[in-house]
Amino acid sequence: MKGLRALRQSTLAFTAATVIGAGVPAISAAETIKVGILHSLSGTMAISETTLKDVMLMLIERQNEAGGLLGMPLEPVVVDPASDWPLFAEKARELISQEEVAVVFGCWTSVSRKSVLPVFEELNGLLFYPVQYEGEESSRNVFYTGAAPNQQAIPAVEYLMSEDGGGAERFVLLGTDYVYPRTTNKILRAFLNANGVGDEDIFENYTPFGHSDWQTIVAEVKDFASQGKRTAVVSTINGDANVPFYKELANQGVSADDLPVVAFSVGEEELAGLDTEPLVGHLAAWNYFMSVDSDENFDFIDAWHAFIGDENRVTNDPMEAHYIGFTMWAQAVQQAGTTDVDAVRQAMYRQSAPNLTGGTAVMNTNHHLSKPVLIGEIQADGQFETVWETDGLVVGDAWSDYIPESAKLTADWTYPWVCGNCEEPRF
Amino acid sequence: MAVFQSLRYTTVSSVVLMIWLGMAAVTAAAAQDLADRVAALAEGGFNDKVTAVGALAATGDDRAAPVLEAMLEGLLFTQREGGSIVIGEHLSRRELRLADAVTGADLGTAGSRSVRKIRINNRVRAAIRSALGGLKLMHPDPAERRAAAAAVLNAPDLSFLPTLDTAIDRETEPDLKTLLGKARAAVLLSSETVADRLEAVRYLGTYTDPEVRGLLGGLLVERGGRQAEPDDAVRAAAAEAIADIDRRLQQWAIVGNIYQGISLGSVLLLAAIGLAITFGVMGVINMAHGEMVMLGAYATFVTQELFRAYWPGYFGWSLAVAIPFAFLVTALVGMAIERGIIRFLYGRPLETLLATWGLSLILQQAVRTIFGPTNREVGTPDWMQGAIETTAGLTLTYNRLYIILFSLIVLFALMLVLRHTALGLQMRAVTQNRPMAAGMGIPTGRVDMLTFGLGSGIAGIGGVALSQIDNVSPNLGQSYIVDSFMVVVFGGVGNLWGTLAGAMSLGVINKLLEPYAGAVLAKILVLVAIILFIQKRPRGLFALKGRAVEA
Amino acid sequence: MATGSSSGYTPLLLRIDAGGWVLLLVLIAAGIGVPYANQMLPQESPWHVPTWLVALLGKYLCFALLALSVDLVWGFCGILSLGHGAFFALGGYAMGMHLMRQIGDRGVYGNPDLPDFMVFLNWDSLPWYWYGFDQFWFAMLMVMLVPGMLAFVFGWFAFRSRVTGVYLSIITQAMTYALLLAFFRNDMGFGGNNGLTDFKDILGFSLQADATRCALFAASAVALGVGYLLCRFIVTSKAGRVLVAVRDAESRTRFLGYRVEHYKLFVFTVSAVLAGIAGALYVPQVGIINPGEFSPANSIEIVVWVAVGGRGTLYGAALGGVLVNYGKTYFTAAMPELWLFLLGGLFIAVTLLLPRGIVGTLQLWGGVLRRRFSSGDRKRGSHGAVAPAPAGGGE
């Protein structure tokens, strides 16, 4: 009889499992424009990407309140690629082929973008990628709304070398061992060499993802900095590894007056997990800070707080990138009168939209934005204070001028070039 | 002290010069209104601000220090309407209480967007600190004096010399006196007189720390064909002093590496010690162990939030409360898991792996749903901040020191529980021979529950400590789970001494390799070493002997 | 394969159990039907299989083969490998390297000799371990050889020193973790975190073409079918019975005079090769291979598939691989915020309520029913039906 009972139990469980598992995705009948959101909601990247999903939901909601697009409401399609790179490709295919979305906003890491790129190119989809990245890419099917290296790294180093920035003559380049830091540091080394900083004054070090024990490296950096020349640290340390890094810096008494650290991957969101009192004065370079003094920004922050229901949530640069990207896409759809990818792409060129820092962002024909560059110092309240900004907009470079192989390439998707990586126009 | 004396006599001329300059500043100040100088703080670029800070400090006015302090903390504002300079105090994120910067008159409350912050950067900040340092070298509070001396050392300027001399005379605390002496020598490095500079170099050469090394190194720098230090003799002395310092630093570097290794080992120990109970003693392949650590860290966060909300004055005690709280929470969760899932799986160790793996996914997502996916801020109490700067250039950070101590205390407390309490005796009996223990009347089910609860609770305590050095995010546990298993298996399952030895040796080996191989390669080498070691001793460092082995 | 044909040799086809037949028939039907429905039927036809579904199904088949390889060592030899993801990934990398070389000068920098990632990381020539991968046959050899050799060397040391049970599981985990870290390093020359991607074609056929996808799908189906037959052949052979003996009582088997470590080493290596082949088929279908495949969590998940499907049944493992991954596909889209609760809950429910997995429970079910209705019939399958795995793994 015991066997029977076990049997009954397992039957129940099995039926339950099949019931949950069965069924096909519901297909909505009403005319809507579908917008795919491809951000990890679980796994290691959920920490950064979940917020972007929420921003997209907010922007879509606002657009719908304003009457939608082309007389149709927008419908967000959220999927969870779970920080699993092949799953990104699968989900991208699902969004485009199965859900037939008009556009996808998504990805954070370079590898996730690389993973979905062939899918978007094959199926002629449209992706808005909102994160600062290493450049060296211009796909016909991707609009890059984050910063290219020339919109972040180079201005930051120029600032550090200036009198206001402390006149650094010696540089520590710390990074997580992946393509963005490697490329950025390669560009920076070329830039520094061109500006009179020799290789003996550059120290490069790479650590694995999620590195949590920074004792040795901070000690090495302090040692490198004690050679008499003004030294600065350029950090391309990624995500989770930053909190232990900054904690170690603070505890080992590295103060920003002595040894400023400028980071390209640390924003308001990352600082939210830290006591920033000991970090005051360390820097970050972005195209947007939450502290920026502009009416658009105040409106955006208020809307965000109302949407998320929490006054303590911060805003950051990739959120602004989605804001700009979404506004531009909506304008382009309205101008084109259709969501057809080819038509929208044509309408995107030279499209301009207000950014949150009080100016205007412009989409260039290389699929990168023109944006201002801001350099901010960390404040005790976890915010950045802008200490320097470019006079005008900086055009995002798909191909860096400081890497010989890529300096000769041009990205321009309009006639006569119509190419992402050509040395000469195609036509 | 003889050094000081001689230094002082040789600098009489420059002191006179300084006094003359100071007097000139005072007379100028008389002519200018304080309000103008305060207003100047808000104008122009950072260059102008640095000048304005110096000018304001030079007035010596009592109002100068509070204004500069407010500026340093980012609380000095320009009103959007009217443009007057005010000092603000945050009442909430969006509301400020304002006071006039010059008169101190209360201006009531205002929204944070009605004022514009006066921007400063590192350079201005250093100038303010140094100006305040000059004003505060004789402050009654030793901590303030220390900060002031450090600020002067950081931005040495000849104008501080007279104040420094007086401060050194008055100073009673020996280590502060040393610091002031260093600051004074640093100031003298930019003296006009070669002999002054030479003395300063020799004096600084007796210290062994990177900061001094940096000061001396600065003399040897060549910029655009011009030496920073024009005199050959001074440069030679500096080079010699640096060589000495480097030699001493080198000798201490190995000690530093070992300390860092022990510190890493103690982190591994804290991460693994709970697993040494649930996996080591009970044989449950507990994949949800990392999540117990994570829950402990979140319990710390919750405790701190409560302290922030209700007893902000006692924040320093929050960790002391968090430890039992985290233990309680994770132990209860652990007991629930044992009763709900694991007890059905005894004798099927590999099945527990699957069930606890599923559980870990659920716990992670649950925490993500409740607390959000982003990092949560766990504060470090004041007593855990900072470091002991030894004279040998070795920096022992307090948080790491406390974690080393804490890990040992937890380990030994756990050993005591296992050895000397009735519960411990029963636990050992049940895990060694369940039927026999049951036959002796031990309630094995209850003991299992308590053992798993204990292991989970200890993991939670580990989480309290880890929250001090790592991210508090839903992924916290994942990053330690593999390492924890390595430690327990390397040390030998079922043996707490083994866990200690395993954690410490892995930590130290890792840190000794790191300077040569780099962080990644060091870790790979350690993993390969573990694999090879297990071939040699398939049961770990401290293997249990007897029949338990084949169980 | 110490024991060849002593007492009563049975042809392979007769050694396949009912579930195995179902699996093979489904594979044959799918291997022919899916490409046909994709290529021949018009898009409007209700039976048309869209290309994204072909790619997805192909991916599931690769996972099924991977699950099969784990079941071979875990279900029949009691070796719980938490590092099988490493063999899968190595096979994938071997294939990925071939596909990278096939790109030739069509990369973004147009360098005919070096893959893009090497160009912008300033490599001036191809490292030696990339030689030969431009040849398809060489790459295919490496797909099997690299995971096979690693498994052989690793197993040689581990089994000879009698590392068993949990210890073995943990060091296999250490192995895949070390490889994960190593492949993350850009200096290794495997593309670091981004891995290998942007593939263009295989054997001259464009990877983006529907026909190529169909062919890859069919190849996966064939690989799974052949892999199943091979595993079935091994476990029903005499050596297979020794393996089961090792699983259930290792010391006793050793005392009987069998060289336990040789049997283990053989089956571990075969299993690693199968995993490598699964990886090689997986890469062209998903278009990327990167170090994430080495992560310990992935390897644990493979074990979970096997447990869900039914350990020690082979076809059950394949079923588990497909089902769990289908669940993942479905839930990550249908309920992105909650799917981890469901997946986690499923694992717990399966271990607690279905300790034999889905297939094992169905067998039990069938057994009980049969006993109820025909109480005399106790005859067991005559062709060396292997006892299903004990619920707990007897060690």
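Residue numbering begins at 1 within each chain, and the chains themselves are lettered A, B and C in the order written.
Just so it is clear, a contact is a pair of C-beta atoms (placed from the backbone, for glycine too) under 8 Å apart; a residue touches a chain by one contact, two chains touch by 3 or more.
Source: prediction; values computed, not measured.
Taken as a contact graph, with one node per protein chain and an edge wherever two chains touch, the assembly is complete, since every chain touches every other chain. Among the chains, the centre nearest to the mean of all shown protein C-alpha atoms is found for A.
Counting C-beta pairs in contact across A-B and across B-C gives the higher total for A-B. If each chain is reduced to the centroid of its CA atoms, subunit A and subunit C end up 35 Å from each other.
Centroids built from CA atoms put subunit B at 29 Å from subunit A. Note: centroid distance subunit B to subunit C, computed from Cα atoms, is 46 Å. In subunit C, 181, 184-185, 337, 340, 346, 350 are the positions where the chain touches two or more neighbouring chains simultaneously. Residue positions of subunit A touching 2 or more other chains, listed in rising order: 41-42, 177, 206, 208. Annotation for subunit B: residues 364-365, 478, 520, 523 touch two or more other chains. The touching residues of subunit B, counted against subunit A in their complex, run 45-47, 73-74, 90, 93, 113, 116-117, 119-123, 125-126, 129, 154-155, 210-211, 213-221, 223, 228, 249, 256-257, 260, 263-264, 267, 364-365, 368, 372-377, 379-380, 385-387, 389, 395, 397-400, 468-475, 478-479, 511, 514-515, 518-520, 523. Across the complex, subunit B is touched by residues 80, 154, 157-158, 160-167, 169-171, 173-175, 177-178, 181-182, 184-185, 251, 296-297, 300, 303-304, 307, 337-338, 340-341, 343-348, 350-352, 355, 391-393 of subunit C. Remark: subunit C residues 50-52, 55-56, 59, 108-111, 117, 119-122, 181, 184-186, 192-195, 197-199, 207-208, 286-288, 290, 292, 323, 326-330, 332-334, 336-337, 339-340, 342, 346, 349-350, 353-354, 358, 361, 364-365, 368 touch subunit A in the complex.
Across the complex, subunit B meets subunit C through its residues 283, 285, 287, 341, 344-345, 347-355, 357-362, 364-366, 369, 478, 482, 485-486, 489, 493, 520-521, 523-524, 527-528, 530-532, 534-536, 538-540, 550. Residues 3-4, 6-7, 9-14, 16-17, 20-21, 25, 41-42, 78-82, 84-87, 89-91, 93-94, 97-98, 109-111, 114-115, 117-119, 122, 136-137, 177-179, 182-183, 186, 206, 208-209, 403, 405-406, 409, 420-421 of subunit A are the ones that touch subunit C when the two sit in their complex.
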